[in-house]
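Going in written order, the chains are labelled A, B, C, D and E, and every chain counts its residues from 1.
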Amino acid sequence: MGKYFDASYLWNAFPQLLPFLKVTFIVTLFAVIFGLILGWLLTMAKLSRYRSLRFLASTYITIMRCTPSIVLLFLIYYGVPLIFENFHINLHDLHSAYFVIITFALQFAGIISEVIRSAYLSVPTGQYEAAVSVGLTPFQAYKRIIFPQALLVALPNLGNSLIALLQEGALAYTIGLIDIVGKAQLMVAANINAHALEIFIALAIIYWGLSLLIDKIFSLLEKSLNKGKKSLKMT
Amino acid sequence: MNGGFNVEFFINTFFVALSGIPTALVVTIVVLLIALPLGFLLAMTRLNNVPLLSPFSKLYVSFVRGTPIIIQIFIIYSSIPLFLKALFEKYHIAYDVYKIHPLWYAFIIFSFSTTAILIEVFRSALKTVDQGQLEAAYSVGLTSFQAYKRIIIPQALVVAMPNLCTATVNLIKATSLGYAISLQEITLRAKVAANAGYNYVEAYLDIFIVYILLCSVVEFSFKLFENRLSRYKISKA
Amino acid sequence: MLNIQNVHKSFGENKILKGVDLFIDKGDVVVILGPSGSGKTTLLRCINFLERADKGSANFGEISVDLHSASKKEIHQIRQKTAFVFQNYNLFNNKTALENVTEGLIIGRQMTKKEATKIGTAALDRVGLSTKYDAYPSELSGGQQQRVGIARAIALTPDIILFDEPTSALDPELVGEVLAVMKDIAKDGTTMLVVTHETSFARDVANKVIFMDGGTIVEEGTAHDIFTTPKEERTKKFLKRVIPEDYTFYI
Amino acid sequence: MLNIQNVHKSFGENKILKGVDLFIDKGDVVVILGPSGSGKTTLLRCINFLERADKGSANFGEISVDLHSASKKEIHQIRQKTAFVFQNYNLFNNKTALENVTEGLIIGRQMTKKEATKIGTAALDRVGLSTKYDAYPSELSGGQQQRVGIARAIALTPDIILFDEPTSALDPELVGEVLAVMKDIAKDGTTMLVVTHETSFARDVANKVIFMDGGTIVEEGTAHDIFTTPKEERTKKFLKRVIPEDYTFYI
Amino acid sequence: SSGESNSNGVREIKVAFDQGLNPIAYIDDKGNPTGYEIEAMKLVDQELKDYKFKYVGTTSDDLLIGVEQGKFQVGVKNAFFTEERTKKFLYPKEFLGLSSTGLVVKKENKEVNTLEEFAKKGLSLAPIAANSAQYTLIENYNTKHPDNKVKLKAGDTFSLDIVQWVNEERVDGGVMIEGPFNEQVTNPKGAYHNLKNDIFYNEFTVIQTWPLFNKKEQAFAEAYDKAIKKVKEEGKLRELSKKFYSRDLFEVQDQSQKKS
């Protein structure tokens, strides 16, 4: 079978791949920040008293959830500069990272707003009522009483979405932004697809490490929020 | 569009893309049938701290959720046949491993990843159900299984619904990665059609519309179901 | 001090409150009696805007508001001056007993943590929970949770406290103690609106007793009037069942 | 019928039950009295395995089990023969009042839906909820929820019903009614273990009264013995506060 | 939305390239774009004083959409000519390079060197990326030979290791361009040099490859035509062919043109 699996390719891949984590991190970080803000606004809209707001938010969420990321990426990458062209602003030379961040943030917002909504709804209304009854403003009530309890419920799903976002880097490659996945693909291409398995295994290991790290942080968070909470135990 | 939008191609390819829906749906449904119960059971092992199984499912989630599906596809698709081939040769099984239909790989790969996602979805949802509900069920003589089926799961599902919907829609979209194993679904069909005349703009628009249609229907059904399930709650809005 | 007019509230088709008027003076202790489902809890919730009334107005000291359309700011102002003791406790699940009590002080009233802790422990001591400062609600017995809820309200020293059956989960020994605490606060001049079934409390402390049924106030008056010479048939019937036969009413 | 020995239970460092023995005969109505936090709820929960005791054994008719290490099957057997009325109701949130009552009949006891509905509506009627069959718990007042909880238990016609303060959320009018229902069931020969603060109920119905404090049984005896000639200092002190001074005890 | 002219009247041209096409267009170890088609474009750039090329690495799909929309003025991706594509893109008069395409087979199929034979024997073919030139090639063959079709499967856009697949007998054959095959197998340093006696490359055609211009770039395309013609005449493309494909493919073309 020849040297089908050659571990040296695996080891050599790490030093080449790791520097590109930076791009992955930057894109993810900004997408998460903007996505959370927008996602939270969407949740508020979806739970608001106004029908039109609810409708707008729902439509947005539907579109963002249903559009394949690559299509969305192309829509943003080609559509946004076209729109700005009308105002005589040239965005064609803007670095592709901006478009990637915009795309991911928009999509992350749609998904995360459903996470936030379901977590929020799982906190009993009595908690909010008690908080405002002791004189907290609604904002304070959310921040101090509802949010910590909702976050606990949201964390596992937040983890799902965050880790999925980290992996969307593969898409950024489509428009030429080289993050860690892109680099791996370039390396595979440079080898003319030989030993792709080893390089992808190296990539998988790096991602696994990241995911373990995130899991660790999240379970610490979960533990600290779990105070006073009894979870279902079969007796 | 200055390339000259090819309307005829756009329309023809729309139906080509539509014809990929059954494949995408079959994969999605089979995978959900596998991943829903599995994800739920593994979530339970974590909540109840079952020895061995609980740490296993934790590790499982971190790995499968943590690594891009496309890489899992690649690794599984390139190594499983090698492994099977060696195995078949050893036991003189006359079956050509390379004749295995890509659908089978799709079932396996997407079940793996969806299970990991669903473990987390269920885990968070189950946490929101009050212990008192389980106790009351026990007190009227239900077994654990009955209590879960009739009392706990219906309540947990309400919380899980939006995230289940996201997971399902994501799964439908992820089946497009099946191109890596030559799975004849929506994206691949459209792109094959696009190659001859480089009609990629049209092809992507077709893909866009087909997914929006398909996923909206799925989302809408979930919403109906969610409303039904949450009848008992007073609205918070 | 608190003047409420013409409160209406429906849930769907069900009319729960059908035009309730209520007048409470500073220092008053008003007790609301009434059968289950008569709308007592709903009335209290409307006063504190936990439920939006369909109609009705309130004068709260200098503040006048419409119960249906009050602004956020008005609502917050009123809530700052009131406290609520919930029938089903509603303790903050993610906070210890002491934190439950100090939350409103530190965040709502901007006290320092030290001050708040002092007041909070005193309030918990007052309801007999000196050993449970750091327990979470899930670790407390029903009666203990009920008492944390009361401590949380009295620690705020609000202008008026709305009590929704504050002693329902307590054992008789504690009922006595908690009622004593409530009498105490009443003496401090705190205005109280109390939904309770403790006729002895009504008798000893209330200067006004209101009997509600089917979403309206059937009868109101001093405790003495209501208990000894009820005018309405419905009130008589209710009281007959509430006050044991072998029990004579002393004023 | 039910014989419990040497139950121990701690939460962390806190010893809540310190060796409780209990003997209940068929048809007995046993009332447990005691101050808040004395472990009454915990004892009931241990009997129904909602809490695993650290130590202790139970004989339940023919079945003998260790409270600490009972198997799933044993636990299920025992639960099939008992019913529990919770202090905080614990109604099934996703079921209507009627479904709450029929759930255990249809699923736990394999009755047909028709039979179960007949029994369920009868049970709800008995606690005065004929108009609320289809209401969800979130649409019921506290007292109504409590009564659904009681209906749910009596509908099962179990060998023994464990009541944890079944009247705490009820208004006095209903307390009377519910206690009447309980007397009724007692007459049918249902064995009952009741944590309650209703001394009149203890007096009229119980053939045994147990006084608990600090995780042990301080004193037990007939209602007459306990109320008129309590032996222990702690019991006397408790009863003195519980029974109004102007209240004479008649047997 | 065409590239900007600066004050000297030199216009910047964005040349998109599919960065995963070693040795046609790719990014080397140092992060610089290179490959046959890139180097050829660099030669064109040198000839054109009024234009300055900027190379943008991307994927095939983005390149096609980008050139069509005008984000890039021109793109290279080992593209073949089809009539249909002229509706979307401006093809210049002069081609850019040549691509030797062949069947990669195991020893036992050593003599299979045309698509007809391959099809007749009913052999299986490794999936080909739907957006690649080779796919079009086989598809065209199939339309011309409806009763002797090659079993064509569309597949992955990246990372298909054809030599290995054929060696494992996962498939009977694959379509490859000669350059990459040589890099892997013939080259003594190649990853699969150990398979040089088991796996064979049988060329079945040499095809012209073209740069794709945005429809509005007629003037630029004409400038390109002039420049590339000069470069060809100077024999510089033959050198590039030798360098990247280890063979002068222009010779092959000359001979087949003589034949016909």
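By definition in this document, a contact is a pair of C-beta atoms (placed from the backbone, for glycine too) under 8 Å apart; a residue touches a chain by one contact, two chains touch by 3 or more.
Here the structure is a predicted model, which means the values were calculated and not measured.
Touching chain B and chain E at once are the following chains: A.
The chain pair sharing the most C-beta contacts is A-B.
When chain centres are defined as mean Cα coordinates, E lies farthest from chain C. Ranking all chains by how far their C-alpha centres lie from the centre of chain A, first place goes to D. Chain D and chain E have Cα centroids separated by 83 Å.
Here the spacing of chain A and chain C, counted between their Cα centres, is 46 Å. Centre-to-centre separation between chain B and chain C, using Cα means, comes to 51 Å.
Multi-chain contact residues of chain A (touching two or more other chains): 4, 74, 196-197, 200, 229-230, 235. Residues of chain C in contact with two or more other chains: 88, 139.
Residue positions of chain B touching 2 or more other chains: 74, 78, 82, 130, 135, 138, 144, 204, 233-234. Interface residues of chain B, counted against chain E in their complex, comprise 1-4, 6, 74, 78, 81-82, 85, 98, 179-182, 188, 191-192, 194-201, 204.
By the touch rule above, chain A contacts chain C in their complex via residues 124, 126-127, 129-138, 140, 144-145, 148-149, 225, 227-230.
Per the touch definition, chain A reaches chain B in the complex via residues 4, 47-49, 62-63, 65-71, 74-75, 111, 114-115, 117-122, 125, 152-157, 159-160, 163-164, 167, 170, 181, 196-197, 200-201, 203-204, 207-208, 210-212, 214-215, 229-235. Listed in rising order, the residues of chain D touching chain C in the complex are 11, 33-37, 41, 87-88, 139, 141-144, 165, 168-176, 197, 199-200, 238, 241-242, 244, 246-247, 250.
Put simply, chain D touches chain B in their complex at residues 45, 48-50, 72, 76, 79-80, 82-84, 86, 88, 90-96, 103-104, 107-109, 136-139, 152-153, 156.
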